[in-house]
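Accompanying notes for the structure given below.
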């Protein structure tokens, strides 16, 4: 399959002037090559029906594009216009060659596992990286249940995280959660900074089917303590901290995130950037 | 589906007299319940065509039964006749009730990922837990390749392991490899005791399809050093240590291992036995 | 050496009614035994000149007593009136026997290492557990210098901690810092949740002499980011977050914290409470 | 203090021809500078009474020199003639300048903690890096006692190690033991590859005084199992594996190991070589 209709998105605003300029260059290059390409700011996307989205920017920009356009079956290809582009298939110095490979269809369309979470009857998603309950100061107590079976009845930790393979090398890894290859179907269950040495992160496959993980916030050290609920680095429910006795349920999103990549070589290069060495 | 034809296996020999006696009891109980049951030592198995194998003993006995009978599409159910039965669905004090649930078909037939490895042109398998290259004394250097792409070009470690989900909580975990839920399709790539702090175990999905991991033993500290090749705790190629420059290739076995279990509650109970606490 | 003049302190307020009541009982028991004992709320301490302070409450109460009275060469003995008393020598059910051993001088007066930190020209202390720079959301970059030599030139992490042996099993341990026996003279340098897998906590002896550790907050992801400075769980400089380019210097406090304990058996029992098992 | 009488040692034999040649160069250079210098192979050492030993080679050569000559109050300075010289103060490309600094006394004489161990009534030492009980195949059970108090009543692990600060970055670190700065007085107690997730390495100060750690080998999986006893990478008691019920006692050696170094900058450079990065 080859690609000939491209939608180009980038971060916008003063801080992202370089990314915006690069997005213009990408558009010009694609037009030069005889392909149809429009900036998302210039076009009515549903009518345009692009075959592929080109996201120019950092991981945030690429992730937002994936989350927005996968619903319409449009895969996203990332060009790293920032400092760390873990999801990007091309860098500032090789994007012209990379674009030609994309046009020729020499990319894999990966179906990355995405999550949803349900809190107070409302379901939020898609979540690309992680769902994250945390409290900055003291260990809180949580109960974790998989498919109705209690996995941890009471675990004291500063927080608790469910991370996708895509997200396993981000927040999850910094809290000693297991690095999982991005094309896996498993998720990581990772307690954050538990005072008990026996609590370890686990990798589970249940969410790749119809399974669910429930995390209940049991109680904190003080009566009025609340817990922040974040997902993909954002406060999804900003003015509503989680109170003792409340819980969230995490499931697979029905729509996977479509990311166009150069496959294994790209993933390995991304790991190098993260500090996982090639040799030593 | 219900089960009515049972083959009963147990460890044999002086040390395992208790397991052998328990196997006799299991046979008597099944006969009492009107089911057909024979000890493997008394019967021609291919002619008998059992619907299920009952393995009485420790994890070694249950694992050997799985590896032997899965090829004939016969699942194994384990009764723990030893001290640690991570794979067992029943314990010494509840096996009568458990057997009734098995007869009634109230078990899940799990298709556990199994591995093969190829060394000097010969392929060995099925491997239920792990393939394991190691040297007791000094760090050796290895190269690790996934699907033809170099993952680690040169990693110094005492050894290197590819562990199945079933095996991830055994040897793999003791060397800081990630615990993976047994029904996952991922494997762990785990360096053993590397002197370099940046080398960490990874979870990868490639072996669940047609992927392969190649581990090359590059060199050791001294010219005449060799490396032991073990799998599931045994020296598969006893008189043939691996020499510098040689490699092994690990792939998924075509036949998964069929284990009859009570599902998630059984897995969680097994984790408790291993020292992963329920609360604390 | 025996002890006959006791000052009794406890947490006060509605939440701590049980501890206050226990403190009264301790006073009555000591008077009954013919010893001089006063509650801190009833007496002018400098005039009273007690030989030992009895702190009734949780670790917070015992720690505050140590920090306050060590300056006057008065050691503190803790009676656990809360749920977790890591520093306590006696529990609710054995404090009468323990008090007799204290009177008879069958305690060790440990000189626990304490820290100070200097920020914007002001020095704060004594710090019993840890000095702690952190930011909840994103990794920040820090430089860490020991005795004028750069240890880490630029380390990205959510925070950075210097922990005493006393504090090494608290916050420090939850961020994978090394557990150090409480009577050691070393401190732990612990990066919190670094995204780089090669950064590990270290144990260093320099602060036991005249050494110093300087932690500079280099920069954050966004221009206006600040970092919280905490010590022993409290915001020491509440309205003054640390700005990019600022640094703190951590040194040994000249006065060690004097804690009366039953030595090794007490320390081992405390470790059991923390979840470090005796066997398994 | 300045130094004018030097004894030069190096590894000998065909494999170490380069180190031997470098030792000759070092001698020539010292003579050229007007200093008295002899190769250990040419001289009666006790009569010669050198002020300093120059060890040319890898860590093994430097360590052997320290262990041999510290008894006579002669410090060792290392010149790295191998691939990894963690103890060396000079490298192949800077040893001439370094020697001048040594002659001028611009070195610190560190008193590195050394150990002894007692087995079947015989005491062995000095041990520079670690004492190490291990079994390659299965977890064995050990009891660990500090100063007569049981620290771990029964710990299953592949082995157990007591590591000095000097040794903490070697074998100890590869088994997740804590890295301890080399001038510390603490030792690491490190279980090797325990299947129980709650067993963690500890740093203890007891051996810096008159304390002792006793490690009992309780039992193995099979009746006839034995355990290897090694120290500093060597089998000290080659034909005598440790049997179930036997124990070893580890104490501080009365004589510390004297190593001449350039202090903190040298230690930090050594850590870089080991893979602990400066930034990232």
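When the chains are written out, they are named A, B, C and D in that same order, and each has its own residue count from 1.
Going forward, a contact is a pair of C-beta atoms (placed from the backbone, for glycine too) under 8 Å apart; a residue touches a chain by one contact, two chains touch by 3 or more.
Keep in mind that this is a model prediction, so the values were computed, not measured.
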*Consider the two chain pairs A-C and B-C; indicate the one with the greater count of contacting C-beta pairs.*
A-C
_Measuring between Cα centroids, which chain is at the maximum distance from subunit B?_
C
_What's the rotation angle, in degrees and to the nearest 5, for a C-alpha fit of subunit A onto subunit B?_
180
*Averaged over CA atoms, how far is the centre of subunit C from the centre of subunit D? Could you give it in whole Å?*
33
*asked:* So the centre of each chain is just the mean of its C-alpha atoms; given that, what is the distance between subunit B and subunit C in Å?
replied: 47
*Provide the C-alpha centroid distance between subunit A and subunit C, rounded to the nearest whole angstrom.*
39
_Set of subunit D residues in contact with two or more other chains_ = 196-198, 200, 275-277, 280
*asked:* Taking the touch rule as given, give the residues of subunit D at its contact with subunit A in the complex, in rising order.
replied: 196-198, 200, 275, 280
*asked:* Under the stated contact criterion, what part of subunit D meets subunit B in this complex?
replied: 134, 136-137, 139, 158, 170, 173-176, 193-198, 233, 274-277
_Parts of subunit A lying in touch with subunit B, wherever the complex brings them together_ = 146-147, 149-156, 168, 178-181, 183-186, 196, 198-206, 264-265, 268, 275-280
